[in-house]
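Here the chain labels run A, B, C and D in written order, and each chain numbers its own residues starting at 1.
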Amino acid sequence: MTASALSMAGMYPPIATPFKVNEDVDYAKLHENMLRWNKMPFRGYVVQGSNGEYTSLSEEERVEVVRRVKADLPDGRIIIAGTSCEGTRQTVQLTKRMAEAGADVALVLPPSYFKASMTGAAMQKHFFSVADASPIPVVLYNMPANTGLDIPVEVCVACADHKNIIGLKDSGGDITRIASIIKQTRGKGFEVLAGSAGFLYPALCCGASGGVCALANIAGEECCEVMSLFSAGKHEESRTLCERLIAANAVVTRKLGVPALKLAMDWRGFYGGPTRAPLLPLTDAQMVLLRADLQSSGLLPQAKL
Amino acid sequence: MTASALSMAGMYPPIATPFKVNEDVDYAKLHENMLRWNKMPFRGYVVQGSNGEYTSLSEEERVEVVRRVKADLPDGRIIIAGTSCEGTRQTVQLTKRMAEAGADVALVLPPSYFKASMTGAAMQKHFFSVADASPIPVVLYNMPANTGLDIPVEVCVACADHKNIIGLKDSGGDITRIASIIKQTRGKGFEVLAGSAGFLYPALCCGASGGVCALANIAGEECCEVMSLFSAGKHEESRTLCERLIAANAVVTRKLGVPALKLAMDWRGFYGGPTRAPLLPLTDAQMVLLRADLQSSGLLPQAKL
Amino acid sequence: MTASALSMAGMYPPIATPFKVNEDVDYAKLHENMLRWNKMPFRGYVVQGSNGEYTSLSEEERVEVVRRVKADLPDGRIIIAGTSCEGTRQTVQLTKRMAEAGADVALVLPPSYFKASMTGAAMQKHFFSVADASPIPVVLYNMPANTGLDIPVEVCVACADHKNIIGLKDSGGDITRIASIIKQTRGKGFEVLAGSAGFLYPALCCGASGGVCALANIAGEECCEVMSLFSAGKHEESRTLCERLIAANAVVTRKLGVPALKLAMDWRGFYGGPTRAPLLPLTDAQMVLLRADLQSSGLLPQAKL
Amino acid sequence: MTASALSMAGMYPPIATPFKVNEDVDYAKLHENMLRWNKMPFRGYVVQGSNGEYTSLSEEERVEVVRRVKADLPDGRIIIAGTSCEGTRQTVQLTKRMAEAGADVALVLPPSYFKASMTGAAMQKHFFSVADASPIPVVLYNMPANTGLDIPVEVCVACADHKNIIGLKDSGGDITRIASIIKQTRGKGFEVLAGSAGFLYPALCCGASGGVCALANIAGEECCEVMSLFSAGKHEESRTLCERLIAANAVVTRKLGVPALKLAMDWRGFYGGPTRAPLLPLTDAQMVLLRADLQSSGLLPQAKL
């Protein structure tokens, strides 16, 4: 599959990695979750994004999870695999392994440990080095809440000219930035994916071609429907649905993060299970907040608890 | 005019305050600018917002500028006057004076000097105190780039229940936040205005009722047209125009600020003139950047310089 | 008094402004506090610093408070008056008025509203303009927690060459920065004052000539003693005392701010009284914390409550 | 060696990892550097700290570098090995491997990718889990410039009660924080090491027992001398020397980072060599700045270039 041939347009859950109580990866539960997600109209899966807790997995585990997802992958769907490491060399090596394991696209964060040194030039060289060496197309991953850095607009635009860099997942939520990148990369085979259900509808309005939404782990149909309503020209309905999902989205991302996403998966009939340390389980008060926000978004019944 | 009777829907330039070379306010030039702006389909004017350099004016000057704008105000237009001070007491006093001077609405920032003390509770009490005492309706003003603070969503929602608080100007650009506030305040007589042309179109998509856009100082027709195209259901055209304006908008706001806005006003046939210190005039390199970005947005001809 | 003739070495409380319950300035209580502070070996007073809630006072009040302190000022002590405004022109005007009212030195923050425009060059021009016009010497005031900005080291060093800029009050607590400025301004008639009791001892070790410490409002003798022990070469004792004060200092500054300082003043036999809005009174839980931290620093008895 | 038996007091260079032009680790050059460092009165070495570019090394390489340093380690010196990973499980595993490879102490950062979830409780659990499982004592590593997080004072104090956590390397430079931690952990077998030469002298004044200073890679004697002068009660000389080193320290840390440190090593007769990507080589302008700052600190001759 060459870069030019691939369209990423569509919805992707950045899937959570299921663990057993002893924190080992639970591949059986992953398989069960996949069977259920496969019934939803996703374009594919993001594997080893932030919600996959990739930073707490060994390299072997990161690759094995992709291999397992590949085994369960329906025809026509794609795997976008997170291959980010702090070093360029490691990222290149892992990207190659991920391609062998079945990934169709590599998702790459900017290195962020040496923050003061991560100028636009340093980021661009990193992305180009990975893209030059990668057997599969590369998508940039902007995640300022976790990295403390924004990939400069200019770097995104420059990367769009690299034939093996085909897009950007932007989780920052700065819609002006997203619209600006879309405008400046139009016609270059570069797609922008909204990194959160919270701004999926306005991102689509601005020309995004899809979304990678944590919320799709627990509300896949709803996330897909925001897109299909939009595609059908039903702005009002798309907007209303997206707006309804904001509270649920916020609570499993910004407010409480992966532990909340996993508990919500349990509540919604998936296997969520525990996170790996250093992430902590929710407190009782956090569980109450989670339930209330899922209810207000219509993802849990309002009935008495 | 009561809060419930007033609709703010529409476009507003947050007008620049013209100064002479000696930094005195140039009321004659203000009048000339007003005559020209009055020909554009604005809903009204924001006077003494950030672009009015209100922080560099004396209290007398702040009030006098409003008085002069009032004198030039066409029927049916409104004045939204910035009445922000750090102290609650001062803000109340200035709000009353602004109302006497002709302001229809008061625009109020959260105090920001004692950042660590500006909890949601402290902000809400400030806004309520001002709204309780104000003879005119109050609009909240969220401007994190200048204040270093975001008004919490919960505070905005709580303020929407105050009968004399009728809206929010949000200049932060976090579209999820904007959509969330719109959803949670629907039906409460609370309007959200996009604080920048950069995200005017997506904000309208999410239910904003207008915009307060620095760019409208120099591109009023274009800013109004983004809105009228949207109102006519012409999403594609509205989006394309808004997208075209992003570069010009960014250069007169985030990138170079008020000195660039004023020079662009000079270039576009208004009186911009100097800023007051501590703002510095643009360097030559900054002027080149300004020109290029205005050209790329179609606000200056591309011809050779 | 010329800049070269003035030595600022010593301890200063940045005095709180007393208010009545109706938030009017309580000049009688100010007088009473002054009588008590005058018995302590201070070098002088900082009037209208952050702890004076200057941002919530009118210009008239700011000047009048200085006038009243002057009336109570013992021979040989000096007044360092905060004259900061956002605009250069206003700062110049207020500085002149403060000089007439009895201020010996003006304390000037960098403007901070237009954060993105407050480059080193803009700050330096502001400080030079004020110093050029001021009848009294100027001290720079670095307060990043409130302004969101650090005055660059290079700007401090350049200002030291201005004959009417005689020092810096640094409240940031970056000791490397303080030591670096002291080194680069040595021999230029430029003094550095520690802006917090928390790092008073290490700042003295690095060559600071005194301190402006919120804590001196309630623990003046102790703050002065840190300095006198240091001057006597008693490092161990000076360090131990300073260390003991950290908890009390933190709770009346970083942790809880002016409302805590004022309540602690009440508890320590001064008049603290209410703050002006937007600052809120302490909650019960905050009061408990305040008491505990004052006790752990030996400023309140440990006895049962 | 048990935690209680070990004193870490002294100076440590956080050694750079030498690479060949092809970015492979150059163990021969590491050996050469070690021979030279071994002649200086260091207490030991920090291996795989930030300056060791540990984030760009594979796990195998991280362990092998420790093994090689161990082979060159003189009697009486210790190795403090960075064992930080994002996940708790991986950190435990690597800590065990590092102990086997010869590390005497493990240096552990707080996980920082899931910033919003890294509460004090989450950090403390991580540190306790590592310390419980580690065969060697653990030192906390506070490095806010790279992680975007500060380990809360309360967490440091709580960790001091764990029998296998023996200290803190603090690179943040907030001297009040350092003094506060020292006060609250006194008598608990907990040592604080200054994480930068820039504030080494004031940290010693406040009770730090040593330093881990990037600058010691190129100015080991000078860094050791700051300590020995201090121990001899020569405050003035210690301060003056430390102050002289600030410019050199800043340029190889905050200003330009590891690429500058490595070039300075080349200039000072060590092997510095290239960094691994994503770190970029210095530009010409940066080299000029580096040279000037080393000269002003007396680490390069002032003669014409």
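In the analysis below, a contact is a pair of C-beta atoms (placed from the backbone, for glycine too) under 8 Å apart; a residue touches a chain by one contact, two chains touch by 3 or more.
For clarity, every value in this text was computed on a predicted model and none was experimentally measured.
J.: Out of C-D and A-D, which chain pair has the most contact pairs?
T.: A-D
J.: Measuring from the mean C-alpha position of chain A to the mean C-alpha position of chain D, what distance in angstrom results?
T.: Here chain A and chain D have centroids separated by 35 Å.
J.: Could you list which residues of chain D touch at least two other chains?
T.: In chain D, no residue touches at least two other chains, as defined above.
J.: For the protein chains shown, what form does their contact graph take: line, ring, star, complete or other?
T.: Chain contacts: single closed ring, each chain with exactly two partners.
J.: Of all residues in chain C, which touch chain B in the complex?
T.: On the chain C side, the touching residues are 23, 50, 53, 55-58, 86-90, 110-111, 113-119, 121-123, 125-126, 129, 145-148, 254, 257-259, 276-280.
J.: Touching chain D in the complex: which residues of chain C?
T.: 173-176, 179-180, 182-183, 196, 198-199, 201-203, 205-207, 235, 239, 242-244, 246-247, 249-250
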